[in-house]
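What follows is chain A paired twice: with chain B in the first complex and chain C in the second.
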Partner chain A sequence: MRVEIDEPKCVASGQCVVASPEVFDQRDEDGVVIVLDAAPAPALHDAVREAAAVCPAAAIRLVLE
Partner chain B sequence: MDTSPTATVPGYPMPRAAGCPFDPPPAVEELRAAPLAKVRIWDGSTPWLITRHADQRALLNDPRVSIDDRRPGFPHVTAHRAGRAHSTPRMVTNTDAPDHTRLRRMVTGPFLVKRVEAMRPAVQGIVDRVIDDMLAGPRPADLLTALALPVPSLVICALLGVPYRDHAFFHHNSSRALDRSLPPEEAEAAGQALIGYLDRLLREKLADPADDTLSDLGARVTAGEMSHDEAVHMGVALLIAGHETTATMISLGTLALLRDPGRLAALRERSEDPKAVAGAVEELLRYLTIVDSALRRVALADIEIGGATIRAGDGLLFDLAAANRDPDAFTGDPAALDPDRPARHHQAFGYGPHQCLGQSLARLELQVVYGTLYRRIPTLRLAVPFEEIEFLPDGITYGVRALPVTW
Partner chain C sequence: MTRVVVVGASAAGLAAVDALRREGYDGTLTLVGAEPHPPYDRPPLSKQLLAGAWEPDRLVLRTPAELSALGLDLRLGTAATGLDPAARVVALSDGDRLPYDALVIATGVRPRRLPGEGPQHVLRTLEDALALRERLRPGRHLAVVGAGFLGAEAAAVARGLGVEVTLLEPEPVPLARTVGAPVGAMLAALHREHGVTLRTGVAVRAVCRGGVRLADGAFVAADEVLTAIGSVPNTDWLAGSGLPVGDGLECDMYGAAAPGVYGAGDVARVRHPVSGAASRVEHRTHAAESGLAVARNLLRPDAPRPFAPVPYVWSDQYDVRLQAYGYLRGHEHLDVVEGALATRRFLVAYRSGGRLTGVLAAGLPPRVVRRWRQAVAGRVPWREAVPAAGAVP
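Let's look at the complex of A and B:
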């Protein structure tokens, strides 16, 4: 699984950080998403899928490899 | 579909069923099962009512859907808000991208997930102190004024830099500014009182800055990034949104649990399990959906959805409670309160770019309250029969006038 972000869409809600703190963080100055791990281990996939599902801006895309 | 003037368009808001104070109006749930339909609001206009979870997500995140309340066709909540639309400065709550993105990023700092999480010990301290005071006070007590209002008010006051000693003033005027049953002049006067109050506070912060959000907004005014008026209105929005909603979630949620002692006991036993408490909070947010007056938008272009064509200029109402009871979106029986249900994708905080700015803070406060109150006061119970509790159907949020409890 590869995690892609459509950054201009991100509204800095932090929902992804709550769902999957291992994979997502927020920029200090404006809260915009940062991907910490673009190729997360399988054990994290459920949490990453939840992050994509709760993102209010549909800014997280998961590419299955 | 029949759009002739003789077709009957149901009025909105719709009444709840007698004896079912926690359930959305039956007529709203019926509309969810039918093709997309229009409703008639206070000024006689007929916006669309969006009730399905999937339709709400698609439209609330669609750039062809605007929150700009000065556009013709925008379905205002009240005559008061309609009258003010053109004199209200531009804020997060009435702008689309890119203005919205600019304004919102100015206030995301204090609401970052990690900054909010760092407040957990302070919030726990506040909740413990408020419960100590309640236990030391008279019985029965009104849970609303003894706990539900003080907790979020103390938190938002500390975050913004508003003196808590003024709480009687801002509680009173916030609830009046949002009360749809008041004459427009009175709601307007309450709103103006809050604006005047925040204006004075912002001037004090400009002269003597502190480590708080109002001072940060003041610094942005000085730097020319936002106007003084924009900062004042942002302060008012944060002060009102920061206490009314969370207070309602604490009181209404406690009432729902007191009426369902098995669930309350189960939650109490799992008070020390953060995941269980967090899950229960999400389910309560879904089940209660306290934002009662639909979210408002206007279409900027023709949009095909749900078998209907929304035309440019049509108003859109999003009934969040209807989406949160949508059987296509939630497992099991959505009409039941079930803390074990996966509910994180609920719409209680809205969806899209305007989704609640304060949601992480609200979640933190609710997790601490729900994880502490029933553990510290295991014998908490209603001090009056359930039937005597008075619900408030005319606010932006749906709550109770008072919650008499004893222990």
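Let's look at the complex of A and C:
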């Protein structure tokens, strides 16, 4: 799984960080998402899927490899 | 369970079908949507799309490949017209009848309109937004009726496009009932600074040709009128079904309205498992989270989990992004606990029933906001959450 972000879409909600803090963080200055781990381990996949599902801006795209 | 029908092909309906497949449901999955478009995102309609920064293709919620990977029986441009919950059948506008084992109702809301013969814009669909955008030319005059989040966002975008804007609000202070008078006053000042003519305490009676008629008989001339006075749940098609319909589809704390029938998104009025209060939440995040929650409960009716989200909503007005967590409406008290309203970098805490039930933030680093957000989720007693309680904003 590869995590991709459509950055201009991100509205800095922080929902992804709540769902999957291992993989997502937010920039201090404007709250825009930062991907900490673009190729997360399988154990994290459920949480990452949850993050993508609850992102209110549909800014997180998961590419299955 | 081999037949699931989801009615409403937008944020909540899509979240539900997505979650059903992710949780391993592999039976027939029918997604019925009245709009002709594949699911698209609404918040940008009053923001980037209206401003002309984005075109409609940016709003698409799933690529065609992603949609087809969900293996849906997709019925777009088709409305559900009736429901027989005893027989478990949904009737469609094309005459088809869909039997189901479980049903998700995610038909959202539609805008309320004002009486009168004059043309009025509303802002709910892609077509609405494109029609309004087409008319927002520099120097033209737009009257926006209703200074809620939607009206205020549209007013801000129109100002950015060089449009003259009059914002008409019946309350003395915009949004005061939701965010409180001090925050409402700050927002009013923000709009005035950007050249919006904000008139509060004025009720609009009707839309006429060339403007709007106020309750006191006065006339406000405008080239275009945008009506942003709230919404009505799309439950008409449930008339006669016997489902509990009031202000929306009445659901229990699991999102269920009847055996095998669930509600999600803007249309659903869900009972909160802790506070016991029933509320209908019109937020983008709530749509996704509730779609997800009911999908899970639908698959496990014997072990349902209560749906107790912390509502989250944002709104962009000029360069200020407001972010609200929890329940603000109906608060008994508020305090500015970080920053200051005047600087537009602040966090306001809201108290209801002696607890911290919501916060509203702007311009603060995420880690500061996250701390408060956790406290809201935990419904922390006010005196613990806000030790300096009593400070006047």
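Basically, the second predicted complex is superposed on the first by the 65 of 65 C-alpha atoms of A that agree within 3 Å, B and C clash if a C-alpha of one lies under 4 Å from a C-alpha of the other, contacts with A are read in each partner's own complex, and residues count from 1 in each chain.
The rule is short, and it goes like this: contacts are C-beta pairs under 8 Å (C-beta built on N, C-alpha and C of every residue); 3 or more make two chains touch, one makes a residue touch a chain.
Here the structure is a predicted model, which is why all the values come from computation and not from measurement.
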_Quick check for you: in the superposed arrangement, does A:Ala41 touch first (chain B), second (chain C), both or neither?_
neither
_Output check: A:Gly14 vs chain B and chain C. Expected answer is one of first, second, both, neither. What do you get?_
both
*With the two structures laid over each other on chain A, which partner does A:Ala58 touch: chain B (first), chain C (second), both, or neither?*
both
*If you stack the two complexes on chain A, which partner ends up touching A:Gln26: first (chain B), second (chain C), both, or neither?*
both
*Identify the partner contact of A:Arg49: answer first if only chain B is touched, second if only chain C is, both if each is, neither if none is.*
second
*Residue by residue on chain A, keep only those touching chain B in one complex and chain C in the other, then list them.*
11-14, 17, 26, 28-29, 31, 50, 53-54, 56-58
*asked:* Quick check on the complex: what are the chain B residues that touch chain A?
replied: 61, 101, 104-105, 108-109, 111-114, 344-345, 350-353, 355, 359-360, 363
*Over in the complex, which chain C residues touch chain A? Could you list them?*
15, 18-19, 22, 41, 43, 58, 61, 283-285, 288-289, 292, 312, 314, 316, 321, 323, 365-367, 369-370, 373
*Considering the complex alone, what residue numbers of chain A touch chain C?*
9, 11-15, 17, 26-29, 31, 49-50, 53-58
*asked:* Looking at the complex, which residues from chain A come into contact with chain B?
replied: 11-14, 17-19, 25-26, 28-32, 50, 53-54, 56-58
